[in-house]
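Letters A, B, C and D name the chains as they come in the text, with residue numbers starting at 1 for each one.
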Amino acid sequence: MFDTVIHSGTVVTASDTFRGDIGIKDGRIAAVAERIEGGTRRIDAGGRLVLPGGIEAHAHIAQESSAGVMTADDYYSGSVSAAFGGNSSFIPFAGQHRGQSVDDVLATYDARAQRSVLDYSYHLIISDPTEAVLHDQLPRAFKRGITSFKVFMTYDLMNLGDGGMLDILTVAKEHGAITMVHAENNDMVKWMNRRLAQQNLTAPKYHAISRPELAEEEAINRAISLAKLVDAPLFIVHVSTAGGAAIVQREKLAGTKLFAETCPQYLALTREDLDRPGMEGAKFMCSPPVRDRATQDALWRHIQSGTFESVSSDHAPYRFDASGKFTAGPDAPYPKIANGMPGIAARLPYLFSEGVAKGRITLQQFVALSATNAAKTFGMTQKGSIAPGMDADIAIWNPDTTRLVTLADQHDNMDFTPFEGMELTGVPEVVLNRGHVIVEDGQLRATEGQGRFVPRATVDLTGKRGYLAKELDPAQNFGARIAP
Amino acid sequence: MFDTVIHSGTVVTASDTFRGDIGIKDGRIAAVAERIEGGTRRIDAGGRLVLPGGIEAHAHIAQESSAGVMTADDYYSGSVSAAFGGNSSFIPFAGQHRGQSVDDVLATYDARAQRSVLDYSYHLIISDPTEAVLHDQLPRAFKRGITSFKVFMTYDLMNLGDGGMLDILTVAKEHGAITMVHAENNDMVKWMNRRLAQQNLTAPKYHAISRPELAEEEAINRAISLAKLVDAPLFIVHVSTAGGAAIVQREKLAGTKLFAETCPQYLALTREDLDRPGMEGAKFMCSPPVRDRATQDALWRHIQSGTFESVSSDHAPYRFDASGKFTAGPDAPYPKIANGMPGIAARLPYLFSEGVAKGRITLQQFVALSATNAAKTFGMTQKGSIAPGMDADIAIWNPDTTRLVTLADQHDNMDFTPFEGMELTGVPEVVLNRGHVIVEDGQLRATEGQGRFVPRATVDLTGKRGYLAKELDPAQNFGARIAP
Amino acid sequence: MFDTVIHSGTVVTASDTFRGDIGIKDGRIAAVAERIEGGTRRIDAGGRLVLPGGIEAHAHIAQESSAGVMTADDYYSGSVSAAFGGNSSFIPFAGQHRGQSVDDVLATYDARAQRSVLDYSYHLIISDPTEAVLHDQLPRAFKRGITSFKVFMTYDLMNLGDGGMLDILTVAKEHGAITMVHAENNDMVKWMNRRLAQQNLTAPKYHAISRPELAEEEAINRAISLAKLVDAPLFIVHVSTAGGAAIVQREKLAGTKLFAETCPQYLALTREDLDRPGMEGAKFMCSPPVRDRATQDALWRHIQSGTFESVSSDHAPYRFDASGKFTAGPDAPYPKIANGMPGIAARLPYLFSEGVAKGRITLQQFVALSATNAAKTFGMTQKGSIAPGMDADIAIWNPDTTRLVTLADQHDNMDFTPFEGMELTGVPEVVLNRGHVIVEDGQLRATEGQGRFVPRATVDLTGKRGYLAKELDPAQNFGARIAP
Amino acid sequence: MFDTVIHSGTVVTASDTFRGDIGIKDGRIAAVAERIEGGTRRIDAGGRLVLPGGIEAHAHIAQESSAGVMTADDYYSGSVSAAFGGNSSFIPFAGQHRGQSVDDVLATYDARAQRSVLDYSYHLIISDPTEAVLHDQLPRAFKRGITSFKVFMTYDLMNLGDGGMLDILTVAKEHGAITMVHAENNDMVKWMNRRLAQQNLTAPKYHAISRPELAEEEAINRAISLAKLVDAPLFIVHVSTAGGAAIVQREKLAGTKLFAETCPQYLALTREDLDRPGMEGAKFMCSPPVRDRATQDALWRHIQSGTFESVSSDHAPYRFDASGKFTAGPDAPYPKIANGMPGIAARLPYLFSEGVAKGRITLQQFVALSATNAAKTFGMTQKGSIAPGMDADIAIWNPDTTRLVTLADQHDNMDFTPFEGMELTGVPEVVLNRGHVIVEDGQLRATEGQGRFVPRATVDLTGKRGYLAKELDPAQNFGARIAP
């Protein structure tokens, strides 16, 4: 009756842990039970942990940077790497270049995504919010089930300005979409760049200096202010600072419709890593930059106390060669080195090892941070948990195996991993996507292109009280009705 | 194969919502699936919500007050009322009188609990922490699976003093038990009582005046300080103030091993209710007292943001007659009126109606607040969720039915309900305890005494960083090892 | 021996209150004593309060708005009005238009200021921070003793952008100058304007809607972030929101080199005033706009607890006619109405009446808020207190007189006062500037042009710990030395 | 005409700094002026700083501890030591033993104080608040101008309990007196003592362990709660923790009628000092104990931002011999060693050196912290500043002299100083009390007994909004009028 039965596992959801079996039929979980007989195929979990397959909600796949550098990973290699990291689905970005229509953007990415072995959707990056984009193209994308838009507060070619952000937030709110934001103050960064250039300080380590904590903290505060003005939900990506996390926490407690994530690199690395000999430090360049140990501790506390919905990878695979980081030459000054690092395969093993194995978080929190919350926040209603009717996206973890991170284990197209040599406990040994085993025995079992596009629902805001500037309240304020 | 199948429901856990069936065997959930055939008995949920049966973690059942007044509800009527309110198990208090051994206390309550229709455990109230109690009797109780102790900071016959609390907290910590505390400053209350008496202000409404918000806020802060000194987990019961909730929130965010609850009366009633004509106000006397509307709003915000693990009833059923509130006469001054109010049947309908139906909380939060968190906090590992292997404690709710609260619907031994006449949406229509239907069609189906004692595990403190006064840290402080 | 003796007064400084006499010689306070005989002129204070003459640190005098509207008050009428309001000196703005050199700006204002009856300096507004301005002209102005620069975060023709602000802050810091900032988010305001225009909501009351509290709060936070990045002192002008004041308080407590003021209009008026019949509301238009009663209460609490150094007038005298508010016609939409209101004469009487007379602040606080702190913050080292060697800038107040505010009593060139009809207790009856009586018996005694330019020292930052983004700390960060 | 003229000084008040002369007549400051001729005696300040003489508001002089140990300093030696430390007046404690009447207490201390060379008052310690004490004796003491009462929350023979504190606070409030409190949780300390004794940990260093930071923080919070309940002003003495200071700051900002001080030992010493070889650590025992460097930094920040009105010495001179610390023998366990340390001579030199000379505080803050605020808080209206009519209590400081602290320079009856060997910059070279030079050229010039008792006024609460538990508000709460 069942296509596949996973038996003898310790099943974990964001709420529960129980011994039991899972019956899979037509790609969906048909039953979970103390004991399930039969099954065309029976997988013996052997007491290992049976978790919802991870959902990677922050990855750059087959995407050109604003400087025109293409990521090393396409939808095949990227999804394969993610699968080896315990993921069953992902939501890379579909990035609009200025002048490009959203329809073109989506057509481009639809073509690229044909190779994916994971189910996928896109977050749609908007860099050019024309009237046509705002009122015609975005609503059309939304109707396809693309319910999250991303904007940048930094990078000259991406930064929308506060007014542009208000426009996007307003449209997103109208349609029930959530707006994601890369929050760093562009002027601060440019000013720092200028200063550093004047002093001829161009080594990779100065990348960290050029994007100070204040730049992120300020921009997070500003982004939230803009979202509050129009009472729209907001998602702060890759929070890298204690100060930024504290703002997010404060606003969430105050009822703002706010969501946030951090990434393993901010937990694992420090700016000392950018000071490695030669150009080695360029491997550790990402934006916002990695910080220091005190920040790592603070971010863990925020993970524990619920400031972050997710821990995502921000997989941005630029190779350590002329095709990636060094398109401007092997000795390029830091502003000309592509910044970003891979991590889609390392995200969950790192989080499991440092989080669960070290007692910082519970298994329930791991599941929530790795899959369940992303599914809820981004409207993947069929995914992110283990329950009847859900897609059979499952990862079987051996919690006791310890291994060193190697490049080969990342299974991506990269020539380095910033996590190289770290000793991590806990390995995703079997991964299923809609009931298909895609990773097993250290081997890929997936077929290129077996992943499907997932139309997404809107974020659930129950219990978020939201905020509308009291001056804007029409009841008290002269009948003005500002926000749509 | 299954004894009972609940089919066609919308199953809800603290993490998930899905359409499906539940197969029950030998009192446990054996399977949840999209479709389950068979079953000796089939219950048609008809699309209604199928939730974990509630766990009432704060109830006074068959218990004498320190003034010697016996509650109107014994383990039969109390458990029946709880069952009609959507609960499958409960944890009333087993109260030690001064001079009494813990073994005697438990023997007494074991006898009383024979009549229960719900599964049960006890929180053990300690009022006399002698050496024998601390080092002999409490460890023995703990071995039986009684893993929560309660202490009072108020009432002359119950209040342990800060030193006594430190002793209890230390013993509790050694054994993995959690200490619950009724936090009100005893001296403040007594001083207020004296002042009010001098002015001959003795009507029920002055009860609210006599126990000011500051008394709770101060005591909550002090209790947490004591627990931090010895790094022991602490549970603050019936938080009634915005200030107290804010302290709990602050300390939780700081990593203190802290848990808390509030109660429906603090969300539903205000001190104006104590000013109803004649002695009517006595119905609304409880300690800490109900407050005001601003407090209600603040407590809801704290429910939404996770300050409280649970919303409990503090069911303290003293009848509005000479057997209950008025043992000291029908015109007794407020300090001689038994204080406490019933609520074990109203707790979940109130929380569902004001929480879920009004959009303040999600269904997931409702399940967590009503059952899952209590199970985790108090170590009822077999209960509190719907998953294979768990006890089949289930409540089927009709979320759409609206009715007025009546005394008759409470099914307790009381002659009033403080929630009388409120219009509530959402009704628990079928309730199961370990697979037995105990409430159905508005009728009791349970057999007196079918409930069983539940040995409990210890609280899971993963992710709680705890606190040990840094001066006490042996590593840095001269080798002193203070806390055990 | 003394030119003038003020006798029998109750002398008040920011620290002390004492009965005594003041001997004045050559424009300076030569002695304060229990009793001083002689004096060419003897003024009998008759027990009244003898205070330091006020210093008005925020006034627009003989200044064109960025839209080209000239204030109704020039240095004669403006200084006369200020004198009647208990002031002995003031620091209006000298505003740079884009393209204009600072030297031109100062030459223009030097000519205008020839008519002043009060001593004066300028805050130099920078709207065009070219290299020449930054590195040549500003240092030259600074050498003349002009030690405060002002920048705008709003208004298209004034707003510098974050990068421009960083440049100004850096130059200011190098020279010991303090940067003042009008903090409102320009994009938010423009976006609101657009929305309101789309709905044809153009009455004066919509001015308040168009500049929401969030716009100020966000900009205050951003301005502080920019100042912290380069570790430069910052002064937030005319704080109008509780949220903004809370940010200032938090940052001051954290040691940021931060200063701030609020204004009487934010304590006295609400946005309801903008909804008066017809165009009457235009009288109450200023930026940031007046708010509500809750904000008033919060601002008073911040005055009491030291968040604000000063309460200034932001005197911006645009007449209620075609020369002022209505250059764009009598029915102009709010964005075309000049915004700003007079208040230089009302500032201190309002603060005295609502502050001292109503028991909100002490006399010491009044003196500090009205004169001493401004002298210290802006480097008027000879002014702001009553002590030997200081300029004899003195105001004799009758604390018991109550009168209604009338336009005539403002002695300015305006045709309205927003404080019209308020009943205020406390009147500055005699005012001296450098020993000259300039107001007495309700009459002006000053000679046009008797005021002198006051070169100013730099702000004292003792005890301000300041902030330099830790990433920028050269000791720990790879030898980079970013900020000068 | 003047008895004494101090000329050519740099006069400093809490508000101002100016070059000038001071004319003294009949013990009072008759004039301050740019130049004063004449004077029976002329003192050349030679450009040095001329400050208000210090007011020591926390000293144990000729006082028995609750264990019966008498301080080494009587009113002669104590006042002489204070004078050498730059003080002109002081307010030691007059301590009630249980059973003793307040009248007896005051008679005893009046006799002892006859020898003082400084002006003085007493803070009246209440350990036995009988009805007669509360309603007869305290009001009588208050009429004599003794307007401050002190209570203890620790020490078995002193601790009043929360109820006793409410009684005292209520009486103090009725009469306009301020209540001072030593805030440490007595039960916590006793519990720690018991634990340490069980482990035989009795060396002086364990004193620091026995009184954890939590004990102070908890008690400060509780004391404030009690004061708020009855809306009475409160003064927290010798705050030693960052957490305690943060509570004080928070409550002050919220408008509570609250005052506080810290002491030099908490800025200068750490618990490492208690671990010096042999019994040497006993020199550094005081209660609350000294903490660590992080606490020192935090306390300085609180000094800078106004959390503390004063920095006092808590001079508690128990000699390092059998008459003082070792009445229970030379190897007594820490609980039997008298705790307290001298510091009345070192207080101001330490504060000047670490505060002013190191740029942490301004001269104005130094004057406020050393004299002006104490005068205002404790009602010494004739003292604490330099202005006509004030007592001529003056200290001339040489800000440039650096010297090492020696025991001899303390001029007390002690055999050690905890500040021994510290290098301090700034020396009070000449000290006057009511116009008499009492210290000059390193010599005492005072006559035994020249000090006078100073009747004191009540604290000025202008601008303190206070707090009355809202439940107690009679207007809203059923006509109850609780607090007097």
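Annotations for the structure displayed:
Quick note on the criterion: contacts are C-beta pairs under 8 Å (C-beta built on N, C-alpha and C of every residue); 3 or more make two chains touch, one makes a residue touch a chain.
Quantities reported herein were computed from a predicted structural model and do not represent experimental measurements.
Centroid distances from chain C, each centroid being the mean of CA atoms, peak for B. If each chain is reduced to the centroid of its CA atoms, chain A and chain B end up 39 Å from each other.
Here the spacing of chain A and chain C, counted between their Cα centres, is 48 Å. Centroids of chain A and chain D (each the mean of its C-alpha atoms) stand 57 Å apart. Residue positions of chain B with contacts to 2 or more other chains are absent.
All chain pairs that touch, listed by label, are A-B, A-C, B-D, C-D.
Looking at the complex, you find that chain C touches chain D at residues 11, 13-16, 18-21, 23, 28, 30-36, 249, 252-253, 255, 301, 304-306, 359-362, 364-365, 368, 372, 385, 387-390, 460, 462-463, 465. Only residues 161-163, 166-167, 185-188, 190-192, 195-196, 199, 201, 203, 205-206, 208-209, 212-215, 217-218, 221-222, 225-226, 228-229, 271, 275, 291-292, 469-472, 477-482 of chain B touch chain D when the two sit together in their complex.
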